[in-house]
Amino acid sequence: MRSLWVERCAKVFFFLCAVGTVLISIGIVVSLLGETFRFFARVSVFDFLFGLTWAPHTLPSGEEVGFGAIPLFTGTLLITSIAMAIALPCGTLIAVYLSEYARPSLRQVFKPLLETLAGIPTLVYGFFAITTLAPFFQSLGDTLYITLSSESALIAGLVMGIMILPYMSSLCEDALHRLPHSLREGSVGLGATASETILRVLLPAAFPSLIAAFLLSLSRAIGETMIVVMAAGLAANLTFNPLEAVTTVTVQIVNLLTGDQEFDNTKTLAAFGLGFVLFILTFFLNILALYGIKRHRRIYG
Amino acid sequence: RLAGSSAIFPFAARVAEYFHYKTQEPTPLIEGLGTGAGIKLFCEGTRELDGVMASRPFTETERKKCEQQNIDFQEFKIGQDGLVLIEKKGSQFFPIRIEDLRSAIAEKVFVKGQCLKNPYMIWSQIQPSFPVLPLRILGPAPASGTYDVLLEKIKGPCDSLLRHDGIYIEAPANENLIIQKVLTAPHTIGIITFSFYEQNKNRIRALSVNGVLPFLKTIQDGHYPLSRPLYIYIKLNDLSDHLNRLLYMREFTSNDAIGKSGYLTEKGLIPLPQSEQRNIQKDLAQLFKTGGSS
Amino acid sequence: MAFKIDVQNLNLFYGEKQALFNVSLGLPASQTTALIGPSGCGKSSFLRCLNRMNDVVPNLHLEGKVLLDGKDIYDPSVDVVDLRSHVGMVFQKPNPFPRSIYENVAYGPRIHRLFKDKSALDQIVEKSLTRAGLWDEVKDRLQQAATRLSGGQQQRLCIARAIAVNPKVILMDEPCSALDPIATAKIEELIDELREKFTLVIVTHNLQQAARISQKTAFFHSGYLVEAGETGELFTTPKDERTQGYITGRYG
Amino acid sequence: MTSNLRKRHRQEKWFQRMGLFSLCLALLFLGIIFGKILITGLPAFFKTEIEAKSAPQHLLNPYAQYVDQGKWTAASDAVDMYYKNGYPGTLSPQDSQSIEALKSQNKIRLSFNGAFFTHSDSSAPEMAGIWGALLGSLLTLLITFLTAFPIGIGAAIYLEEFAPKNSHIYWIEATINNLAAVPSILFGLLGLLAFIHFIGLPRPSALVGGLTLGLMSLPVIVVTTRASLSAVPFALKEAALGLGATPLQVLFHHVIPSALPGITTGVILSLARALGETAPLLMIGMVAFIATPPSSFLDPATVLPVQIFNWSRSPEMGFVENTSGAILVLLLILGLLNGLALFIRKKFETHHGF
Amino acid sequence: MAFKIDVQNLNLFYGEKQALFNVSLGLPASQTTALIGPSGCGKSSFLRCLNRMNDVVPNLHLEGKVLLDGKDIYDPSVDVVDLRSHVGMVFQKPNPFPRSIYENVAYGPRIHRLFKDKSALDQIVEKSLTRAGLWDEVKDRLQQAATRLSGGQQQRLCIARAIAVNPKVILMDEPCSALDPIATAKIEELIDELREKFTLVIVTHNLQQAARISQKTAFFHSGYLVEAGETGELFTTPKDERTQGYITGRYG
């Protein structure tokens, strides 16, 4: 009775907010779709998704060639896998160390530090990773008789891994820290060592959150732009050799849209096509994660 | 307010500042969006763009679009930009020819009457006199205007793109990084614009192309083969209300700026030959008259 | 009388705060000892000293001796991991691992490598679950998540898990306080059976429970062991007036 | 001790060491990066000045002749580099000689570079500063906050407190979670199409930048806010409901105050992230040379990270320093924001007795 | 006999699952009614129907009538906010608001605007705390955080908070299960005093407690109200054999 309509209005307002947020998602899809369709009117979907050569170019005959996105996706995949190959074990280990081994005082210092590091603009990492880390790895490579070119996927991946690391470990640490203390007691009370407790009880128990952390980091790595803009080249090589230069989807988007091309030209439209595929990709990853977590929850309450 | 090519961006910005200090007008806004995006905005007509910086002339469709929107514009060729092949100072110097460059970076090359996939991996395979070093060239990426210029310049019997097998590395649109990489990885050739070369002359060295080294003079008179023109397009609609556009261009084309020792020349812009420069100044004067009267 | 565990002059400090004052108590083998006392009197603290679960608590300081089979468990030469495999623990809230029922019970034997092959492990699991009175209820769904069992079943699973490593002593900290009466009754029954093979120490708030299941009872009060003795005796003829006050419910 | 036990202890030690090692390794790399930033960035806070009257024009900054900068005038970029690092750059030998001469006469000096903080962008590194970009960042962030905060909190409240648990809501939830993980560059594309091409807002303004970043921060704010709302014990809501509080009263009297530290830290952290974002702003054309600091949300503006990006690809040597200097400032601001978040969390955390 | 609350043919469904089957029970005014029964039998569900705390549960469906002073509380014209100010509730775990002691008690009167000025509010707070037997312990530190009180004090604070809005009925869901014996004793005493002014309904697992404090007892079993009657009678001469089994502890 009392101010019933205030309650109603508030509820409606909150509802509209939620709907608004969803509209953004729809907005992204719709806005990308329009341009994507125009793109696919000129380049066939099949050529785009499965073509092996990325060198967008219009032949004098008017034919559009070189719109095969496979090298971009393999490049993204390669750099991201290298990054995750670093961030996943290191991030988990750091999280485990901070959450389970480190003294509380140490944890109190490092946790906020990690969070701060996780928030540092990737531009910063990109810029200095290239001017400091790349030469470092290069000389390291030289001493090992490996030619590490500075735009190799390996270095871009390493840098991205280092960038992701604080984010990943912060998320993982949260996941571990949230676990009830009783689990640790249960295991330790059976005579398990700390590492056994961690490996056999805590990590499995935190599995859904860890997966979520992993996928969030993964999406961040896939969507990362500035590091690759600065570190990796733009060479769309179809290769899985981490010592070669590759490029990623996001970089190409930036590059196509800030380049000197005529605007409604196929090359610039390709950026929207790439963006759309990227969106679908991350969406798919997240649905996968959600499904995995739900499944795990259903089995293990 | 100008938008467009990031190659002209630093020059336009520098002129904008001088313009501000000399006339006490507000500093024009210069946006480095890339030529394409700039022209798109310019021709959409709804924006407040007064001009566009372009590292290539307008295409037909772009002109048409502008006409549809009733946008008149005047082209000013304000100078040239040279592409310089650089290497780390102290590496082995070798004079290169356009054909060699083509053999090094084209995707398909003409060997024995056939267009083949580029087989060259080592410099000495191209020319026996070249060093026995692996080919590794950093240069512009496909979406940039420089890429098209490069493609145009090395055009041979085979209609081909630049190779993408890891030998030609499409570098990010940040030439400082190309220089960095050339410095840290010896035996790498970088392709950068003249202004960056000028700023880093003490660390890097240019290769001669067809026997010509890139100097202001050689590029200006067309002896150096790798160069491209730079343009500014100025909107002519309602010129009487926007005389600033012309004033700005006057500053841009003044001797102070692109004269022999003008401040843009020091920054690495290759000025036009004297005669052409005078022509432009004349055009501008003409516009002042008509713009003021109409 | 030889005690399985013999605690001698135990003083326990959390930082500055002393939680146990000079406690000496013997826990006889193959009997159930109940620890009772008002909240915060140090029952849990005492219990956790018996298998060094307190080790990880920061600023904890301990004086005195805890002899297990005559050997001080706080001796530097004693390996705490090994110790805990001999002195198991069951907690107030059932805390099964979020894995299958089978894995929960197999966990201890696995880490201590107590079996030769898969079938031996299966046997251990079956035996432990049977002892804990849970086998019939879960034998068809061993691969199901343990967290989906009911509270009482979970607690029995925790007991099974503790039994599986074949300990000498089992410590239980208010094992029934989160359970309903039926589940409680089942657990009490189980405790009574387990007594034959294991030495049991149980903290409880429920005096009736203590009276029902224990042979020996120790009454704690604000860090002091006030009185300990045969359960029947302690409940009927308490010597200390604090004990008397507590068991008649007049006082904490 | 059995061999089995010994083996287990060995494993334990190795595992722990691996954790410590990872931590140290990560710290080492980050330390290298920060050390380098500090070393290259610190000189940006100092600049070379010359007594204006006694030096040839071309050794001074290019605008010295147009504006009176007092007795001491900023030297040109090349001189600055030479004086600081002994690095000749484009200077001719005569120039270096005249600098040496100035040096011996004490007519050249190094002083604190106040202009770096008070000037806006310039094409000459010795005259360039971060004020305009800083102001742009501030305005942009304000817009981001004003859009993302109310909507984000509202959406989170709806989903957490009022939404029925049906499959529609499930999809809304899934979508929002997804949005939080969508690459930021796609928000740039959205901003480009929606705000610039469709609505036609002026570009490159703080308004468009802020809205774009707002879109980006929104899902993050929703997710973190929901997390802190759901951490409020149900018992608290029950208690209030049981006393006859309306749902809205429960929300505003109990749930939000309890969740406030979590919400504020979430919001601050997502704003910090928005502050450092570059890629989406490249898409909406904030890559501009803007010498006049913005005075409204519609004025042309750029933001700090984009300015950094812009500087990093300028040919002049002096911009390398400036880049690092600006990065230092950016890091400082981020550090402060994070510190603030930490402070709020520590200070206002409610301790529930249950 | 006129009941304060009269429940008639109550059926309660959680989605598909029926939790209460045709329950009819009258709760006499100025008496304490205890609800007992094994875990999961529907005691809490029943209790929460009495002040519509169940309203927020999704998929809940309810049939039957709950009359408060003869008026159906599920009638669409009834305002649930108003209803809850007449039927207060105290929960199993003490749940004070994370504010000062004063604010905790003052919260209800504030939202219902039950006072004219500050001093009137002060009076309400003092009276409620005195009734809850907490005034002497906290009168010097009313501005202290409520969360810093001990568990028993917190629970009494929650009772004071419920009293402060001057309800007709107070529902308590296992109010003592998280407390130690002393605190429990205090609460029981308090309940006994409150009975004079309020109608009390208490869910408890502790049969002794039910016997001690209630005048009427209702025994639930798997959703059915098996038996209800005068407490003394029900405990001594239960009519149903399930009741008998439960109170003798033989059976859940």
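Order of writing sets the chain letters: A, B, C, D and E. Residues in each chain are counted from 1.
Convention: a residue touches a chain if its C-beta (ideal position, glycine included) is under 8 Å from a C-beta of that chain, and two chains touch if they have at least 3 such contacts.
From a predicted model like this one, the values you see are computed outputs, not experimental measurements.
Engineer: Counting C-beta pairs in contact, does A-D beat B-D or the other way around?
Structural biologist: It is A-D, judged by the count of C-beta pairs in contact.
Engineer: Just to be sure I understand: the centre of a chain is the mean of its C-alpha atoms, right? Then which chain's centre is nearest the mean of all of them?
Structural biologist: A
Engineer: Would you kindly tell me how far, in whole Å, the mean C-alpha position of subunit E lies from that of subunit B?
Structural biologist: Measuring from centre to centre gives 83 Å for this pair.
Engineer: If you average the CA atoms of subunit A and of subunit C, how many Å lie between those two points?
Structural biologist: Inter-chain centre distance comes to 48 Å.
Engineer: Would you kindly tell me how far, in whole Å, the mean C-alpha position of subunit D lies from that of subunit C?
Structural biologist: 54
Engineer: In whole angstrom, how far does the Cα centroid of subunit A sit from the Cα centroid of subunit B?
Structural biologist: About 35 Å, centre to centre.
Engineer: Hey, what residues on subunit C touch two or more of the other chains?
Structural biologist: Residue numbers touching two or more other chains: 81-82, 111-112.
Engineer: Taking each residue of subunit B in turn, which ones touch at least two of the other chains?
Structural biologist: 6, 33, 37, 173-174, 177
Engineer: Which residues does subunit D have that touch at least 2 chains other than itself?
Structural biologist: In subunit D, residues 8-9, 246, 287, 312 touch at least two other chains, as defined above.
Engineer: Which residues, counting only subunit D, touch subunit B once they are in their complex?
Structural biologist: On the subunit D side, the touching residues are 62-63, 66-67, 87-90, 122-124, 200, 202-204, 285, 287-292, 300, 310, 312-317, 320.
Engineer: Write out the stretch or stretches of subunit D touching subunit C in their complex.
Structural biologist: Of all residues in subunit D, those touching subunit C are 1, 4-5, 8-9.
Engineer: Per the contact definition, I'd like the list of subunit E residues that touch subunit D in the complex.
Structural biologist: For subunit E paired with subunit D, touching residues are 51, 53, 56, 58, 81-85, 88-91, 93-98, 107-108, 111-112, 145-149, 154, 158, 161-162, 165.
Engineer: Can you check the complex and tell me which residues of subunit B touch subunit D?
Structural biologist: Answer in residue numbers: 1, 3, 6, 9-10, 12-14, 16-18, 20-22, 26-27, 29-33, 37, 46-48, 173-177, 195-196, 198-202, 263, 266-268.
Engineer: Write out the stretch or stretches of subunit E touching subunit C in their complex.
Structural biologist: Against subunit C, the touching part of subunit E is residues 38-40, 151, 180-183, 185, 205, 249, 251-252.
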